[in-house]
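As written, the chains take the letters A, B, C and D, and residue 1 is the first residue of each chain.
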Amino acid sequence: MSTEPDTTARLLITCPDQPGIVAAVTTFLYHHGVNITELDQHSTDPEGGRFFLRLEFQTPHLDVPRAALERAFREAVASHFEMNWRISYAADKPRMALLVSRHDHALMELLWRWQRGELRVDIPVVISNHPDLREAVERFGVRYEHVAIDAATHAESEARMLALLDGQCDFIVLARYMRILSAEFVARYPQRIINIHHSFLPAFVGADPYQQAYDRGVKLIGATAHYVTRDLDQGPIIDQDTARVSHRHEVPDLRRLGRDLERQVLARAVRWHVEDRVIVNGNKTIVFA
Amino acid sequence: MSTEPDTTARLLITCPDQPGIVAAVTTFLYHHGVNITELDQHSTDPEGGRFFLRLEFQTPHLDVPRAALERAFREAVASHFEMNWRISYAADKPRMALLVSRHDHALMELLWRWQRGELRVDIPVVISNHPDLREAVERFGVRYEHVAIDAATHAESEARMLALLDGQCDFIVLARYMRILSAEFVARYPQRIINIHHSFLPAFVGADPYQQAYDRGVKLIGATAHYVTRDLDQGPIIDQDTARVSHRHEVPDLRRLGRDLERQVLARAVRWHVEDRVIVNGNKTIVFA
Amino acid sequence: MSTEPDTTARLLITCPDQPGIVAAVTTFLYHHGVNITELDQHSTDPEGGRFFLRLEFQTPHLDVPRAALERAFREAVASHFEMNWRISYAADKPRMALLVSRHDHALMELLWRWQRGELRVDIPVVISNHPDLREAVERFGVRYEHVAIDAATHAESEARMLALLDGQCDFIVLARYMRILSAEFVARYPQRIINIHHSFLPAFVGADPYQQAYDRGVKLIGATAHYVTRDLDQGPIIDQDTARVSHRHEVPDLRRLGRDLERQVLARAVRWHVEDRVIVNGNKTIVFA
Amino acid sequence: MSTEPDTTARLLITCPDQPGIVAAVTTFLYHHGVNITELDQHSTDPEGGRFFLRLEFQTPHLDVPRAALERAFREAVASHFEMNWRISYAADKPRMALLVSRHDHALMELLWRWQRGELRVDIPVVISNHPDLREAVERFGVRYEHVAIDAATHAESEARMLALLDGQCDFIVLARYMRILSAEFVARYPQRIINIHHSFLPAFVGADPYQQAYDRGVKLIGATAHYVTRDLDQGPIIDQDTARVSHRHEVPDLRRLGRDLERQVLARAVRWHVEDRVIVNGNKTIVFA
């Protein structure tokens, strides 16, 4: 798992399942001087299902330029198998924008991991509907933009946010951003907005899940990282985790324990997204972790 | 936690919170030659809330008969604090009846632990709406009764079951019993019927939760042990747990992994119930585990 | 993961890493009408390391007999890459012998899973150095042999055991067998004897690990399934797990909680072994779970 | 668990076990207008063992000054039962000094929780044997002192550190401080130095435990928070946790995953210490969490 990032590339493929896919792909790569270091595959059904493939490979001995490799792959392999596919190169860091409201824990966790070099991304901007976290963010050398938002100005505020984001980021993380994005906004970033919800979805959708969890008397609390779709809290789940609680924990305790869960689950989901380990299949995910 | 069972007794108390409760109770017990070996307390709110107390104590030096101790406690302590209370003696094993349909894993787990001496109960009867598990149950020397049940005969079948149960058992465990008990049946055993639901409640109430979990694409499956109330899957939760799954797990895999969760969660909940560690407070539980 | 067992085959390969292995193997299989349903690979080092490959494939359209397929694979692929390899067929159930002393929990867990169809093995014999568990084993329709063993008769007793085992079993599980096998015995079943040790190895090797854990005051107990080598408790680890404990747990409590861990860890390890998911690499394992 | 800190006090007691202790203590407190909100007790053996008691209580209606309360408790209760005891008041924040080398994750975790108000301590100083983390620490408004240390200057450097610490702190946290403290240093802060060791002790004592874990091929890595005694990695364990790893994880991966464990385990242990939830009993701890 600890590969030299600068020569690492990844090929993600989705296509109808049929025999011979892996043979065709790996033979193609072999003939172009590529050494495969990770290979994961999944089929929803060998007879008529969808096939998913992720390859991580090293390109120091690649015999052609990237564009030529990709053109050759399209012609020699991809078109025959009707593949949706893409190659990404670890040297090209994806650009991650962050949206946040007032809770800083999920945001700080990501910034801290990024600063340590654990998250190989660029961070063009942090946008918040509150001014509170400016100083904390700017300390990391990251741009902070305050875009106030309320019911009356929602469309206008989203337009300002999109002006800051479009062309500047490859994906967006909602690090406890407490406003609901419009369907139009979401549609601009399909499968490219990650949210952390502070419950074990589908339990406790909607507002104040820790209060809901307390009221129901659950013995575990949870957190869920998922891609945002137009249906609130219904998008494809990337990762989840739970922690044990008891009758001794009141709502503030659940929030405190939940923060730790949220930080870990979101960090893991973002890492997997950045490393191209997540493929969306309908309303579910394939995670080649 | 490993006490001599034959001289162990437990006192469970629920009352309005106010200062002095623990002092009054422990002073009373001290004066009657009792040695307290476990003490757990909980208050929902020190100002006007409910107070819960569980004491485990050893009675070898008890200076009065049980009835006298209980009468003295009522007069000297309980009436003053408006306590709901009861004392149970570990030497008096509770009688646990089991209801099961066709899945044997939860049933076998309990029978196996009982045979090993891990569960200090008597088992007067296992009732099933199917004949399948007779031999497996009778091997343990336990009585098996087949009571067929369908929509037309539901009331009559429940009457037969109650005839087998009433006066014969102190509590009932639904070890994957797949029929819904009527409100009348449930009302006969308030807070004394334990069910194992094969999901992390409140996610996936109702039928076939593993299929529901698969369809939603969750990354954890769960199991929940709860007391049965008239509202299906809504009763007070005693214990829950989760296990990690992935896109590779299809519904039969979820069922297989879920069986292990169900066995453990149910066994833990039953153990806690038997040791008088669970107090119901509205729709939630206090578990002094 | 839930494949039709009767047409499932698995190919396990270990060889020096070099480019082109996956391409060669998958192309070969494709040309013989095989549909690959799982593929896992691992390299200790793409430059000069060892390469490990596990394929699960479906053989309903296999175009040649098994022997012909294997001969062709050897000639066309395996010899070129200097592979250690084997193909196993899920229809050929491996034969699992069990050794046990007095504690029945690990044994019962395996027998129970086997009876349910979760463990696709045949069980030719259970051998014990005590007579205690005969009835419990024979109820499952499994042969039970009591081979007493003590210091004076050790060699002779092992000879009796080997007479019962050799040619009758493919691998052996020590389901809490408390005697140490001789180096000669172990050498007969290299990487084919699985033991469950009741601690998180390498902590607490040797006798009475729960007492050791209690004395050290650990906050987690563990269990470890490993292949047996001539060095006690030093063999390649297949699986481990831990459970939280506290100062309230005395040694009998640790034993009770530990039993649940041991059952689960051993069952998982045996399952992985049976499904050819474990490859030994020196003193470590690759587990394609 | 979420009490008003400014009126919260805690009483910790260790004494020989005998009947009547809880009655005496709670009756005393009741008569002084104190409302007990948490009570935990533990006995190593009701017959001749040690008894441990922790009470958390609210003092808004306390009828005497602190000193008078404590004097009265000593005379009326503590001397009779030969108690070691102390009362602490949540309003008096303990002073926590931090020692660190180059790895910042454990340090940052504690500073971040402290800044959020999760850790109710004052932090007089962070001391490091490297200059690297000065800026990161000073951003939190915390004093940073660089005290270089090597074999030749060890005694002198420790003297400088003690000059910074003595009288300025109540306890010390080694947040990945990679130098071994002398026995003399340790003796100055008995049961008041907390270390985070990056393994599941007692496995992998000493240097580079992640490399040791990798070499042994374990399937879980761990972290252990413990009090420092003169014997390296042998002190009373406060908390531990583990995380699952596989053959895919090389040493840098173990370090990365281990950082998350270390942060959580250390933060939990420090929190428990600060809330007076940990009592040392020989080489083990009682944790009333």
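Note that contacts are C-beta pairs under 8 Å (C-beta built on N, C-alpha and C of every residue); 3 or more make two chains touch, one makes a residue touch a chain.
Predicted model, so just to flag it, every value in this text is computed and none were measured.
The copies chain B and chain C differ by a rotation of 180 degrees on their C-alpha atoms, rounded to the nearest 5. Ranked by distance of CA centroids from chain D, the top chain is C.
The mean-CA centres of chain A and chain D are about 37 angstrom from one another, to the nearest whole unit. One inter-chain figure worth recording: chain C and chain D are separated by 42 Å, centre to centre, where each centre is the mean of the chain's CA atoms.
In chain C, the residues touching two or more other chains are 248. Taken as a contact graph, with one node per protein chain and an edge wherever two chains touch, the assembly is complete, since every chain touches every other chain.
Those residues of chain D lying in contact with chain A across their complex are 1-2, 104-105, 108, 112, 116, 118, 139, 248-253, 256, 260, 264. Against chain B, the residues of chain D that register as touching in their complex are 19-20, 22-23, 26-27, 29-30, 33-41, 43, 46, 58. Put simply, chain D touches chain C in their complex at residues 42, 200-204, 216-220, 222, 236-242, 246-248, 281, 283-287, 289.
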